Amino acid sequence: MARIDRPVSRRQAWWLLAGAVATCLPLAPQFPLWLALAAAAALSWRAALTWRQWHLPPRWLLVMLVIAGTAGVFLQYRTTLGRTPGVALLVIFLALKLLELRTARDAVATALLCYFLILGQFLFTQTIPTALLACLTLLITTAALLAASDDRPEPQQQLRRAGLMLAQALPFMLLLFVLFPRVQGPLWGIPQDRFSAVSGLSDTMSPGSIAQLSQSDAIAFRVKFKGETPPQSQLYWRGPVMPSFDGRNWRVTQTLGAYAEVPYTGLGAPVDYEVTLEPHGKFWLFALELPATLPAESALTSDYQPVARQAVRNRLRYTQRAWPEAIAGINEARNLLGAAVELPKDGNPRIRAISAAWRAQHGDDSAAILAAAENFFSRQLLIYTLNPPLLGADMVDEFLFDTRRGFCEHFAAAFVFALRAAGVPARVVAGYQGGEVNPVDGYLVVRQYDAHAWAEAWIAGRGWVRVDPTAISAPSRISGNLADAVPAGEALPFLARGDLAWLRELRYRLDAVSNGWNQWVLGYNPQRQRDLLASLGLNEPDWRNMTAILSVLCGAVMLGLTAWILRNRLRVDPALAAWRRFTARLARRGIAWQPWEGPQAFAERAARQAPMHAAAIGEIAALYARVRYGPAPQAGELIRLKARISAFRP
Amino acid sequence: MRLPELDAILADINRIILGKERPVRLSLACLLARGHLLIEDLPGVGKTTLAHVLARVLGLDFQRIQFTSDMLPADVLGVSIFDRDSGAFHFHPGPIFTQVVLADEINRATPKAQSALLEAMEERQVTTEGKTRALPEPFFVIATQNPTHQIGTFPLPESQLDRFLLKVELGYPDAAAERELLAGADRRQMVAALVPRIAPQQLLELQERVRAVHASPALIDYVQILAAHTRTAPHWQAGLSPRACLGLLAVARAWALLDGRDHVLPEDVQAVLPGIIGHRLRPMDDTARTDPHGVAAALIEAVPLP
Amino acid sequence: MPASLRHRLHEAFVRWALRVRPPEATPIVLTQRRVYVLPTRAGLAYATALGVILLGAMNYNLSLGHALVFLLAGLGIVAILHTFRNLVLVSIRPGRCEPVFTGGLAQFDLVLQNQRPDARTSLRLFIGEGVPLEIDIGPHASSVATLDLPALRRGWLPMPRLTIETTWPLGLIRAWSCAVPDLKCLVYPAPATRAPPLPWGGDSAQGSTRDGRGADDFSGLRNHQVTDAPHHVAWKAVARQQDGPLLTKLFFGAAAEQIWLDWDALADVTDAEQRLSILARWMIDADAAGLAWGLRMPSLRLAPDNGAAQLCTGLRALALHEHGAH
């Protein structure tokens, strides 16, 4: 182990500096300016030290700097735990470790820190570009580790060797990635800062809250249908149901985990599909109305909303079945129905008056009231727009009678209000509507701008019935997409615009790649692993036989790699190879060729020992001698030699 | 395609030197490779006769120098003698100015005399009193030395020995050969009756042909690793010099030509190896003076063909 | 684990691993069976780091974190193979080993041969606890490694067990092997720094002149006699002194001086080693003076001679005096 104390050479220092820069640079945007500058200063200092061959700073100074850095991080984040402060500390340690590169031991420690910080990058983002960048960092760091052992090769050679070794490590990575028994995290509590800013539906709805989402083209979830993709008008992705209204906001009041199985029956053909849900930090899972099954680790609320046991903080994938036609809630609980007609005491007198008229006219016939309401909405000539005017205290009245311009939440809220005022139980359902099929990979992509709100009314004998008041006024929003529904000229998210065909095409492709990445790389979790193994005929594998399979396969790869690595790339002279075949044949007859023996000498000896083959042996030896040692041997001679040897049967 | 003239030369020599085909062949190979020959053996086994016969059949002039301890370089090279009549110095060429020189008992002479001969051998010219005189072409030195350590001898240092391309040992003839020798005609008369088989010009051509014998890369590799082995193995005090390697290849070429081949085989190298290493490799273990053939065999068997 | 116990375990393992009774037949080929692979301290740190990265990746459900740790694990495995490959099938032949004097450094040459078409990098060789020697071997080439060992006692000094190891390329894995090449160094007794003068004369003297130099030295001139060889005529001297007689040059024709170095002549030196030292000093001095010298030992008698070979033989006799093993 004498080597570990070897001083770090200049070249090694450069390599480690390169590794550290490659590691820290992608992380820089995550840090406050002072930290980024401090790290840059430390790295520059190191560069100057190496360049000028100055002495390393004294240890007490480094200790002070470490303390200062830690204090800085603590002051910035009020903690040293958690993702960002943790990574920040590691960056500080790495930068300062570079300033005390004394022996090979420090060099190895630095390289290991670099490896560790690559993981730090993944805490923030795991996109394809990040992965590519991480590959580059890995390459440079590995080259630095190589240089720590042997700094003589040129940089290109060092990089080539690092690349070769990483390439050889790839099969192991693939095997381990697929087969290593996966554990669903977290293993311990995760500080909450990881999910601070994710866009998506919230558990309250007020005018403008969904319209805000319509400006975002972030992906909410992706869907892969098992069979045909249902028509656009059926794609209602049920989200948070909001039965409670305080005059301005609609709220979720669901009873979590009310049902372990669906309490209704389906009619018609079920639809099977698989959802890949982007993390949104909430509990609910989106499902096509109405969900017929429940994903694992989830339950159904009292208003038929599947919710997960844990907030969706990681990309989540679940398979689902939906009954597009289902009869739900025929025998709905009385308290629920009671809550579904509650309204604030006053406000919105005009719509209350109209509802009262419906009530008077149709009495308890809630179906008739519903029809009347739909009729009323279509006659009001409401306009669907992304830029509705601001509303005052009597929001519903102002929308229906004055401004007449609104987004889906206006429509849904007004409709539910009208029904409730007429005594019909109704509630607002938020979620997403529609989506876009990516022709490249066939996935239906639902984006934030597909967010929608609609109404659900309870009709005696039919249960809860979906009514989409937006569809009454702007049917193209439901049958087409957002761009078709809003008046021309309104600002739409870039990706929602339909006028740039090539851009759309490009987007489809990028999205398909990104989806494949999400599905197969980032979304490779215990569930997907089980599914994959099941599809390979390995049902319910436990960690023991998975480990066994893994070891066998890794062993096989290792053997293959060993064979490849140890292969004798000795290019044997063809004449010599033929000669060896010949001598091997004679060796089986007990006439062993000595490795130092010349062809003629051997032929004479062999001919004495096997006189009946003397002529053949003599001819072969003479041919071989001429081909191998003679001047300008002709190609024909080599062929003749090979033929003679092939025909030689002692 | 054996060369008839070479076969005839060998036959002639073997008619006189009986039962010594291998040393005879080696000696001829040495001359064909333009090298000088060292014969180490006891007196009376035919060293002088061999040198004489070689000179005769090759049609070359022959001189013998008996080396003694009081010999001076001038005794070998020649002296300028003052001619009183003309009042000028005249160079009287020494016995070295001939095509074949037999330097008998070379280790009896003092190092000064030895080096005079050896330098002339190497440079194929003689420089005395500031004047350089070329030696005849072809030019061979056949030196003999006594094998036993005797008082008053000056064993040639390794550096000088290296200038001899080959060292052969004649040894006592076997019984049959000795009987034939005793019963046969007088050797002296037989030598005198010999007629040259080739002209000196032909000999030069033969030497050219030797140089043209093909040594393939595989064979050169073999020579190289043989040499490398001698340099690194623990058995010898110093390995073969590059000059020795060149010599080895040259003699192997000559040996191949004597065998009628236009290319060298490993067998050729192995055949001439004892003559090459016998006077060059000094065993580490001085007490065990093994014969060159045993040493060569051990070397050959330690080095596989590439 | 205490260092001594670890050392003992290591020794036991090496004894088991070497199985073949040393010294071994040459060439020693480091086959797969005798190359062992262990992680270095850096390798253990690497494994620990991988474990921590894996925990982090699991906790945060980072798929790329898993990929990273698995790639690095693969790199570790590949490092094992590369390190193993770097050492395996190297063949070791004993090389030269010149005799040394006691107190000097015995230098064992080993020829390491690489049959493969790519280089072997950073192989470290050491004997005992010695300083490792680091060498590379080019493709299809061989390198000579010279290992030093202090020669403390005269006689044969066998080469101790050789350890050859490498941690190339990543320094995470150490592949090592042991070998006992058949190589021994002859250690001559150290020449005494203070020795009696060379034993001229006495019972051992045979020569008479003290200068004992070569026989070709010019000693003088005398008048020419008919029997003198013409080439001994001193022509230049003749030319100088016009009409004078012909002169003949004279030379020392005597053989070189001979002396006997006698074990028994040193009877007053009680310590046998001291006597050997003095004899060694005499031999060296006699050789430097160009004398022919003989040696008389209780068990051996060496005829007078001069030259390097005689010196070697004499010193060897001293080195192996009552040494047993030859």
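For this structure, a couple of remarks:
Here the chain labels run A, B and C in written order, and each chain numbers its own residues starting at 1.
As a working rule, contacts are C-beta pairs under 8 Å (C-beta built on N, C-alpha and C of every residue); 3 or more make two chains touch, one makes a residue touch a chain.
As the structure is a computational prediction, the values presented were derived from the model and not from experiment.
Taking B-C and A-B together, the chain pair joined by more C-beta contacts is B-C.
At the centre of the protein atoms shown, by the Cα-centroid criterion, sits C. For the pair subunit A and subunit C, the distance between mean C-alpha positions equals 65 Å.
The geometric centre of subunit B is 34 Å away from that of subunit C, both derived from CA atoms. For the pair subunit A and subunit B, the distance between mean C-alpha positions equals 84 Å. Subunit A meets subunit C in the complex at residues 1-4, 83, 104-105, 108-109, 112, 115-116, 118-119, 122-123, 126, 130-131, 134, 138, 142, 145-146, 148-150, 161, 165-166, 168-173, 176-177, 180, 182-188, 190, 194, 314, 521-525, 554, 558, 561-562, 565-566, 568-571.
For subunit C in complex with subunit B, the touching residues are 93-97, 109, 111, 142, 144, 183, 214-216, 229, 231-232, 235, 239, 251, 253, 255-256, 258, 292, 303-305, 307, 309, 312-313, 316.
Subunit C meets subunit A in the complex at residues 40-42, 45-46, 49, 52-53, 55-75, 77-79, 81-82, 85, 88, 115-118, 121-122, 124, 131-132, 167-171.
Residues 214, 216, 218-219, 262-267, 270, 300-305 of subunit B touch subunit A in their complex. Those residues of subunit B that touch subunit C in the complex are listed here as 69-70, 72, 74-75, 79, 81-82, 110-113, 149, 151-152, 155, 228, 232-234, 236, 282, 284, 286-287.
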